[in-house]
Amino acid sequence: MRDIRLLDAPFDPSALIRSFGAANPGLGGVCSFVGEVRGEQDVTALELSHYEPLTLAGMEQLADAAFDRFDLMGLLMVHRIGVIGPGEPIVCVSAAALHRRGAIDAVDFCMDHLKSAAWFWKREQRSDAWHWIEPRADDYADRSRWEK
Amino acid sequence: MRDIRLLDAPFDPSALIRSFGAANPGLGGVCSFVGEVRGEQDVTALELSHYEPLTLAGMEQLADAAFDRFDLMGLLMVHRIGVIGPGEPIVCVSAAALHRRGAIDAVDFCMDHLKSAAWFWKREQRSDAWHWIEPRADDYADRSRWEK
Amino acid sequence: MAVTIVFLGPLRDVAGTASREAAAPLDWAGLLATVGPEVADQLRDDRVNVACAGRVLSDKQSLRAMDGDEVALLPPVSGG
Amino acid sequence: MAVTIVFLGPLRDVAGTASREAAAPLDWAGLLATVGPEVADQLRDDRVNVACAGRVLSDKQSLRAMDGDEVALLPPVSGG
């Protein structure tokens, strides 16, 4: 079961993950990651922008790469766009497999690529103004682990 | 928030993970793994036995090691014992952190140790009889990744 | 007709607009001349990509946008 | 009084029982003699651990179980 989506409104990751699990009967394990807007100091909102002609197609290619690379039964990849408040989910990736290795690695792989190799731009609203956020050096290093 | 449990009756991982997330306000990400009894060929049930004086204490030590090693806000680790039917959850690990790296690695670490270094023994009921299951060579190899 | 240049992420702030029209055809030199010196500076950064008609160019200097094409200027991304 | 020997996992099937009493004190040689040749064979495997009074022995041959102690024989585990 494959479910790749861009959402422009708040969503409930638990509900998505639960129905994703049910849609993959016979699985051995499901690994899921949910990223949320941290309730930091004076951050009042996060805005995710994207480039419509590329973004969803890029996520589909990332899903193709995950299915090629890992032994997966299903993959759920959901990413928010628009303005998101503290505590709200930004991203949810869930992978179902016969064995935990494929499920955990697929989530790790997809998250590393969504962070620094998918067509999203992120800025946060602080009390003074909006500030653009670039990936951290760690994010590039994490992604380079997957280069063969 | 730390929640380490042995359960002798079926449980709902989604509900546990949802309340675990809510119990860690300000988190940046939650990674979760749920392992289930695979609906394989002629397997009608799985039985997890344990050694009461060691098992929960060992899981607490594993949680200590995860908190020492990763940058975590919270850790949920729940393991079933007793007879478990196909499709029922066996294990649920969830880790909350400011950044995804700590959360994903903590789940990976805990699962590798629960598989081959916690005080559980697993056997499956096939049409003929019960069969004991030893960890696979892969499980030992996965765990050795964490040796410093 | 024309080419539409779209500024993504922080480049939108640098350009002061989300998009701009330019005369077709538009090549790399024409793009640099059109977008102003500040955006042009950033375009020369290896981490900034250019897409034309929905495809990311593997060599952005090979840009040749035709009438009706959309050219997207894509600074370093950050998702998740 | 006595020492209780507990057989875990597949060792329970080999021993044909979940537990057995033995006279205290009980050392490694006594344990091997008490449990029968099949279980004794498996106990010599490095992957089989022995716990005494709730603690896993780092050197199982140093076993010295006293009156009232529980000795657990722990074959290779498999959880998750």
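So that you can tell them apart, the chains are marked A, B, C and D in the order they are listed, and the count of residues begins at 1 in each.
Here, a contact is a pair of C-beta atoms (placed from the backbone, for glycine too) under 8 Å apart; a residue touches a chain by one contact, two chains touch by 3 or more.
Here the structure is a predicted model, which means the values were calculated and not measured.
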Partner chains that chain B and chain D have in common: none
Number of steps on the shortest touching-chain route linking chain A and chain D: 2
Distance-maximising chain from chain A - centres being C-alpha averages: D
Separation of mean Cα positions, chain C and chain B [Å, integer]: 49
Cα-centroid distance, chain C relative to chain D, in whole angstrom: 73
Computed distance of Cα centres, chain B from chain A, in Å: 23
Euclidean distance of C-alpha centroids - chain A vs chain C, Å: 26
Shared-contact residues (touching 2 or more other chains) in chain D: 80
Residue numbers of chain B (touch at least two other chains): 35, 100, 111, 115
Pairwise chain contacts under the document criterion: A-B, A-C, B-D
Chain A-facing residues of chain B, complex: 14, 17-18, 21, 25-36, 38-40, 87, 98-101, 103-104, 107-108, 111, 115, 138, 142
Of chain B, residues touching chain D in the complex: 35, 48-49, 51, 53-54, 79, 90-91, 111, 114-123, 132-135, 139
Parts of chain C lying in touch with chain A, wherever the complex brings them together: 6, 8-10, 13, 51, 54, 56, 70, 72, 74-80
